[in-house]
Amino acid sequence: MSFHIAFLLLSVSLIVPSPSAQDEVADSVAVSDSALVVAAPPTSVIASEHEYDDGEALDLSWVPSIDDQLVGGLVIAYRVYRSTNGGELEMIEELIPGANQFTSGELSSDSSYSYVVAAVTTSGEFASNATAPLSPETEWLNYEKKWLFLIGLLIAGAVMYFIETARKGKKLFVRKIAGLEAIDDAVGRATEMGRSILFIPGIQDMDDVQTLAGLTILGRIAGTIAEYDTKLFMPVSRSLVMTAARETIKASFQTAGRPDKYSDDMVSYVTDEQFGYVAHVDGIMVREKPATVFLLGAFFAESLILAETGNSIGAIQIAGTARPAQLPFFIAACDFTLIGEELFAASAYLSNEPRALGSLKGQDVGKALAMIVIVIGVLAATIASAWQVESMQSIVDTLNSVFSTN
Amino acid sequence: MEHFAIWVAAFLTMGIISFLYKDNAWYKLSEAIFVGISAGYWFVTLFWDNIYGKFWVGRGDDAMLYIGAFLGLLMLMRLVPKVGWISRWPLAFIVGATAGFYLINYFSSNVMRQVEDTIMPLLGTDYSATTYDMIGNIVIAVGTFSGLVYFFFSKEHKGVFGGTAKVGIFFLMITFGASFGYTVMSRMSLLIGRLDFLFGDWLGMIK
Amino acid sequence: MRRQIPLFITFFVGTLLILSVFIPPMETLGEDFTLFFDIIAVFAFFLGGGNLVRVHITKLIKRKPDWGFSVVTLVGFAFVLIVGLFKIGNPGDIASSVTAEGSWFQESFNYILNPLQSTMYALLAFFVASASYRAFRAKNREATILLVAAFVILLGRTPFGMALTSWIPESLSIFQIPNLAIWIMNSPNLAGQRAIMIGIGLGVVSMSLRLILGIERTYLGDDRA
Amino acid sequence: MNARMKEILVVAVLTVFCAIMYWGKVDGWMTGFQFSFGLSMTVVILIAVSLLVILYLTLRGKLIGRRVVFLYVGISVTLPFFMSLSQEIKISPEVQTLYEGIAELPPGSVVLTAFDYDPPSAPELQPMAESFFRYCFNNDLKVVVIGLWPQGPQQANIAIEKILLDEAIAAKNLQYGIDYVNLGFQTGNEFVIQRMGSDFKSMFPTDYTGTPYNDLPLVRNIKNFSNIDYGFNLSAGYPGTVEWVQVAVDRYGLKMGAGNTAVQAPQCYPYIRSGQLVGILGGMNGAAEFELMTGTVGKGTKFMLSQSFAHMIVIAFIIIGNVAYFRGGRKQKL
């Protein structure tokens, strides 16, 4: 009942619904009638469908109160009230003066919602008319992301096209990558010296794609290690990585026909903690003196601690990461470094399997596309801004909207 | 007790530093403590956050949690040799999800976004641009382009292509040199922090 | 069959997560995956932690060199597990936060783990110096560029570098070392970073596809095992 | 005397020295050392001369090893702690814009600070946190703290506790829950940010101490990023500034500045250019510059001298390394 009265009051733009606000007003009115600060309510309050969501939000917009001025404005805030399925109004949001829109989230598409926006002054609230009830709708496709989808599809399609082409037996050329050429030699060197190989797949868990890259490379070189019968040890900092690494090595040894040489002891879990792990690996490096050290995966600050210690024991070091911040340290302290993309390409390259090589071709299509877009975009933008050419500006705008991700 | 604690901290600090001289018993002791304590610490944190925090306190009624727990239990099947192979299911799940998740994420923020940002007028957006801005813009465009050429796999680095790739390498080298130089500072800060602990907090020698 | 099911799971889950980005009702799938992952990781710790204990107990039993340190590791591990899981020394009852001030767990973090972590991290200062001493040499053109870039940035951050070129007039201020350092960071460095980032993005796309399509599958072990 | 004995002797001397100093500190008769200007200069000259000697030895073909480099680094960082020399600080544009970004906030604005680092990064980021909080509290900005790193919120508490001891700030009698709130840590990395985009409360049902979200007056009405006037992220890696920019800035339009370790900072420079970040404090320099801009002297400024010294040492060794290389007929590998 009280709601209906309040609602009535609201619709004729009188003072106020919420009990607490009412008390305040009563107080201030009691002190002095002249202290009453009256403001015009916000107008044209419109609720509309929030686009491309799971039917859980509505957009609200309004024209601010004319008493909401930058200088000497009376409005100190806006409050947004919501009524669900014609129920009681509840305050869901307080906004700063000057606000003229709001997205109301956490809704359900089964209910309908009506909104009231009130301008708040020191004396109380001055509410707008209520919006017509509206239910949010579920959209099944996010059209805002259509370009992400299409370009992604184009590049993924190129990768798959080349995989398929290669599978059919077409020879594809991939240039030599220095760091990868060195891997076999590095394994051979450890064998000759009768020393071990240390493999570090980064310090992240299986939910980092760089760790996966490290493990796929491990899969390729473990076969060589099995053939040479070299000692491999691999302290890891994540339990799941330990499990996956064991599977990987076991499979590679099996494929190489040396399953007897495999032992679970090759891979051991140390600790999840970054520097505790590093302290252990450093210690083990100087004690075991491996001839070859692989550092392939996600590395953080420890990259240089590991690489310098490895360098001090005279090991051949092959490193790779996709963390740009750590690459300089690997470049400085390791013999070969796989830079970013090369880390992901490595297992494909090493496998020498046509399909995997085909995928490398596919990503070159992506690079070519990026290069073409950059050239066209930069030229068009330059001409547009230097000579005010409209058509060029529209090219730039189109490219920007296509590649824009938000 | 407080005296003891700060001496322990100082003892361990110096134990780690002693590694710079050579591997020794003091370091080995610090390392052993480090590994044991940190592995335990990690598990305890995981337990309270992810098991207690989610099953008891947080969203305990969420079906998703139990799917997670089910996958976790499958993982533990490794301990039973006969059905150990079943632990590959959660592993396959993780690998698939990681691959799918990162494919889009990296593609959108590393490829789309960076390409978009590189599209800009070489001569600046208006007449206020200085010569340095223009040179900077040109350098960014040329550097990004040639850097991409360097990463091209399908073509041998020869001729004009090879020349561009060479320029690309130069840019990469500047990038690496610059980040390295920039980092030196931050690494020194860490050491400053530790030595401040030893000489300041512990021994009280800094005024 | 043992291999087909995991391959199918990878394919299915991977495809689903890619598509979820474009389908609003499935948008939260990525979050759910992290939730799954966090929980699986806790279970997996029994494998990792178990392995840690096994390795050190073996060392202890076989009296391998340095077995004494294995005892220290085991004691430390057990100690933290006990004080952390039973919340020993926590002010208040078992409901208080495990990291509450004064709990044994938090104290052992403050006085044991934290100094160790920070110091290990701080060793980098020494390694950065030794790596610069050894690696920054003008051996060839690439190395010289690396050296010069690093040198300018380093100088740009010291009072010496500022003093060295402060005589250059304001009209050519870009050639003052601190400004040059900033320019290098903002222009050529940015270009290099971008090329690397774009490359990485494409590399991830290609590798993820290989995983989803089952071309890379060594992590799944062998059929016969 | 063999090497082993020497090592034991050194450790023994060190222990005795430390014990005496500690005793002095506890007992109160040792309050710290400060070199006079003359002594400071003498030390500097001595270090410089010894470096010249090393250069000379290198020219003669006698190369130095890693441990010598290590020793110099240690000395060059430690000695400036005791010196009385001062140096000039130049404000870089990214610090200027960051400062301007918060300076234009009216009193009462809500600032979200995300603490994404742990103690190892504290030497760089803690001074930033302290001067940032000091600025906020002095200028009546409301502070909401969260952390995507488990130990982040603790670092925030350490900083806040320290700042509240400042006389000017203590006089304001700030109330927890009204003037500042620490919502604590939440697992989930960038997904936490994403969830916060629709609802803070769902990610932080309670604060650091367990008080329910709705019982905290400051945050009760904060629904999502639209109620936040400014975001400040202190980051030492992942998750950190990159994720905040990708989600909070790109998707939800939060106005944001960041304090990064010097290593992370270069990765975030592109974000300043593209306007995604207001400004960046990079490393200890950034901290010192910010301290200068906000008119406080903290550890950032204090340790700048050590840092400059260490830099000079690294530069000196790069020069010595190159001399060694050219002297060695460009063939010698070290």
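Quick notes on this one:
First chain written, first letter: the chains are A, B, C and D, and each begins at residue 1.
Just so it is clear, contacts are C-beta pairs under 8 Å (C-beta built on N, C-alpha and C of every residue); 3 or more make two chains touch, one makes a residue touch a chain.
A quick note: this is a predicted structure, and the numbers were derived from the prediction, not measured.
The greatest number of inter-chain C-beta pairs in contact is found between B-C.
For chain D, the chain whose average C-alpha position is most distant is A.
Measuring from the averaged C-alpha position of chain A to that of chain C gives a distance of 16 Å.
Remark: chain C and chain D have CA centroids separated by 19 Å (rounded to whole angstrom). Centroid to centroid, with C-alpha atoms defining each point, chain A and chain B lie 14 Å apart. Taking the mean of the C-alpha atoms as each chain's centre, chain B and chain C sit 3 Å apart.
Those residues of chain B in touch with two or more other chains are numbered 10, 16, 19-20, 28, 30-31, 34-35, 37-39, 41-42, 45, 49-50, 75, 78, 88, 91, 94-95, 97, 99, 102-104, 106-107, 109, 111, 115, 117-118, 141, 144-145, 148, 151, 172, 175-180, 182-185, 187-188, 190-191, 193-194.
In chain A, the residues that touch at least two other chains are 148, 152, 155-156, 206-207, 209, 212, 240, 243-244, 247, 270-273, 275-276, 279, 301, 324-325, 327, 329, 331-332, 339-342, 345, 360, 363, 366-367, 370, 405.
Residue numbers of chain D whose C-beta contacts span two or more other chains: 66, 70, 73-74, 77, 120-122, 187, 263, 266-267, 270, 273, 285, 310-311, 314.
Those residues of chain A that touch chain B in the shared complex are 148, 151-152, 155-156, 172-175, 177, 206-209, 212, 240, 243-244, 247, 270-273, 275-277, 279-280, 282-283, 286-287, 324-325, 327-329, 331-332, 339-342, 345, 360-361, 363-364, 366-367, 370-371, 373-375, 377-378, 381-382, 384-386, 396, 399-400, 403-405. On chain D, the positions that touch chain B within their shared complex are 7, 18, 21-22, 24-26, 30-34, 67, 70, 73-74, 77-78, 81-82, 120-124, 150, 187, 205, 246, 261-263, 265-266, 270, 273-274, 282-285, 299, 303, 306-307, 310-311, 314. Partner chain B is touched in their complex by these residues of chain C: 2, 5-7, 9-18, 21, 30, 32-33, 35-47, 49-50, 52, 66, 69-70, 72-81, 84-85, 98, 105, 107-129, 132, 141-143, 145-154, 157, 174, 183-202, 204-205, 207-209, 211-212, 219-221, 225.
Looking at the complex, you find that chain D touches chain A at residues 66, 120, 198-199, 221, 223-224, 226-227, 229, 237-238, 250-251, 263-264, 266-267.
Taken together, the chain B residues at the contact with chain D in this complex read 3, 7, 10, 20-21, 24, 45, 49-50, 58, 109, 117, 178-179, 182-196, 199-200, 202-207.
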